[in-house]
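The following pair of complexes shares a single chain, chain A, combined with chain B in the former and chain C in the latter.
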Partner chain A sequence: MNKRAFPALIGLSLVFFGVAPILIVRAPNEQEMGLIQKIFYFHFASWMAMYLAILVLGISSALFLFRRKPSADRLAVAAAEAAVVFGLMGLITGPLWAVKSWGVWWTWDARTTMAMILELILVAYLILRAYGGPGSDRLAAGLGMFAMANLPFLYVSTEIWRTIHPPTSVVPQLPVDFGLPLWWSVAGFIVLCLALLTARARLEEERATLDRLYLALEDE
Partner chain B sequence: MQRLYDMSAVPRERTTVVRRWALIALCVGCLGILGAPTADAAQPTQQSAPDGFVPMDDVPAEEQLPAAPLLAAAYIVVWVIAIGYLWTIWRRLGSVEKELADAMRRVDTDGA
Partner chain C sequence: MRRFLQVAWLVVRKDLRVESRNKEMLLTTLFFAASCVLVFSFGFVRGGEAIDGSASGVLWITIAFSGTLALGRAFERERHHDALRGLLLAPADRPAIYVGKLLGVLLLLAFVEALVVVMVAFLFRAPLFRHGWWLLTLLSLGTIGFASVGTLFSAMLLRTRSRAVLLPVLLYPVTIPVLIMGVSGTFALVQPEPDLALARLWASMLVFFDVVFLTLALWTFEPVMTE
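This part shows the complex of A and B:
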């Protein structure tokens, strides 16, 4: 990973996150949901960042499984951790919105249940990597690809199942007043996700270098 | 009789950690089973998904107070998680870099 990429990405994300509150405050209040709708700007954006991280995880896992690229495996670990972090943001901000809009913190709706299961799959990936021992990297790669396979189902879950969660189809039709703060926030979260991926992947690379050094020392 | 798994080969700390995680997973599963009968009761009734967002000039004053703390909490949670995670990466990176420097020194000493 490029050492210069991280400061540039984190700086850019700070610019996005510095301007985002201004855009969000200026955005109109939604007629049905009122003020609480403004959670949506960070809630949706955190899921988009999670989707990106899971895409990276799935593709890297496939590259590691079929092409045996160790660098892809290191990127997969970084992406899985980032996906858990952004998923956690979504799973916490969602109930904060739901308690006002639905009157309950949590409901076993198709979308929320699928999101929870996907988060648990990612946690399972990390536990497998931490405690699985030798060979767990290939098993985890399969799990990573399985997590990616869940993404399209999660995205269309509000369209194909009966659900009270606002449908994803709302997003492309948003008026500019709502759309600008949303896409600005999404851009900020994407850049933040890339910054975290860069830093975390560097940590994995340094760990791999350390392992190689210890092996070299043992051989001497 | 031959044992399927030889646990003696696994370090003691690791088996303890695995047992701890297994216990946590079991507790989460039990909570899910206990919560399942109340899941229907938690479903909001007579409410449909909105078709789109319609702009509105003002939020009724009585509604603003309960929503504002939730909104603030959501943004604070996002910031705390992002900064907290970045801090853990920074700490782990610092520790690995220190270990790496020590190992390099050892390599140099052995080489000399």
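This part shows the complex of A and C:
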């Protein structure tokens, strides 16, 4: 992993997150929901970052499983942790918004159910990595692929069932006043996600190097 | 293809023969499933009347619980005398071995389900047999989905520490969609006004998940089991 990528990415994400509040405050209030709708700019963006992290997790898991690339495994760990964090942000901002606009904290709607299931799979992945011991990396890669297989279901869940959660298709139809701060936040979250991925994957790499050195020392 | 089926059948036959000699898995799983339903009936049946809609949930939760027990045992057996290594060293397709193990688990779960369905129908006064064929379809599809992931995971977990704990931890999150569909489909059948269209919708969703799960399992079994 490139050493210089992390400072550049984190700097860029600082720019995005510095400007985002200004754009969000300037965006007009939504007619029905008013101020509370502004949570959307971070809610949707954290899910986008989670989608990206899960894609990275699935693809790098497949690469590790079929091509045996150790670097892919390290990236998968990083992606799983990032996905859990961004998923958690989505799961926290969602109920905060829901309690104001739907009147309940949580409802077992198709979209929220799928999101919760995906978060559970990712946490299970981390538990496996933590307590599975040697040999669990390949099993974890299999699990990572199962996590990615759920992504399409999460995406279409609002299109198949008539649910209370608004469908994803409303996003591209947003007027510019709402769209600009939204896509700005999405870009910020994605850059932050990439920064976390590079940092975390590098940590795993350093760890692997350290392990190798220990082993070499013992052999002498 | 013929050879593939032949290998799968040989693995099934081997498991059946081992099982027929001591009947350990069958009896323990059946007993566990029966006690599960009884425990649920203490919780959800008041004065002879089950709580509204609880029967379909109890049915599927019991299947999931006893399925986990059976899956854990199905591969634990292969650890004795390094039998798994022998199985994997055999000049046969690895996916065929997976299919063989899966069929064995499905056969066992079919027995368990026969008992559980009768017990739930009796203790919860649920009209499970009103649309018997639909229930059979939902149960078969749901069990295939659950067991296809479960067989893969319990095979993979053989080499890791704390297998017994990790199997349910990994298996339940992945198979929740299958359980939700099974419960919802069964509920559509046993409610006072059965909704067959809804049951058909859930069954077709189950088919979809089964295909995804089976494909992924067959695809990943080989690289995951290779040392």
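Please note the rule applied: the second predicted complex is superposed on the first by the 220 of 220 C-alpha atoms of A that agree within 3 Å, B and C clash if a C-alpha of one lies under 4 Å from a C-alpha of the other, contacts with A are read in each partner's own complex, and residues count from 1 in each chain.
Simple rule for what comes next: a contact is a pair of C-beta atoms (placed from the backbone, for glycine too) under 8 Å apart; a residue touches a chain by one contact, two chains touch by 3 or more.
If you're wondering where the values come from, they're calculated on a predicted model, not measured in any experiment.
With chain A as the common reference, the superposed partners chain B and chain C fit together side by side. By the touch criterion defined above, A:R138 reaches chain C but does not reach chain B. By the touch criterion defined above, A:I127 lies against chain B and chain C together after alignment on the C-alpha atoms of chain A. Once chain A of one complex is fitted onto chain A of the other, the partner contacts of A:P172 are absent, as it touches neither chain B nor chain C. Between chain B and chain C, it is B that contacts the larger number of residues in chain A.
In the overlay built on the shared chain, the residue A:I117 is in contact with chain C alone; chain B does not reach it. Once the two complexes are laid over each other on the shared chain, residue contacts for A:I36 go to chain B alone; chain C is not touched.
Of all Cα pairs linking chain B with chain C in the superposition, the shortest spans 5 Å. Residues 127, 131, 133 of chain A are contacted both by chain B in one complex and by chain C in the other.
Of all residues in chain C, those touching chain A in their complex are 149, 152-153, 156-157, 159-162, 165-166, 169-170, 172-174, 176-177, 180, 212, 216, 220, 223-224. Across the complex, chain C is touched by residues 65-66, 113-114, 117, 120-121, 123-124, 127-128, 131-136, 138-139, 141-143, 145-146, 149-150, 153 of chain A.
Put simply, chain B touches chain A in their complex at residues 10, 14, 17-18, 21, 39, 42-44, 47-60, 63-64, 66-68, 70-71, 73-75, 77-78, 81-82, 85-86, 89-90, 92-93, 96-97, 99-100, 103-104, 106-107, 110.
Chain A makes touch with chain B in their complex at residues 21, 28-39, 42-43, 46, 85, 88-89, 92-93, 96-97, 99-100, 102-104, 106-109, 127, 131, 133, 158, 163-167, 170, 173-175, 177-178, 192, 196, 199-200, 202-203, 206-207, 209-210, 213-214, 216-217, 220.
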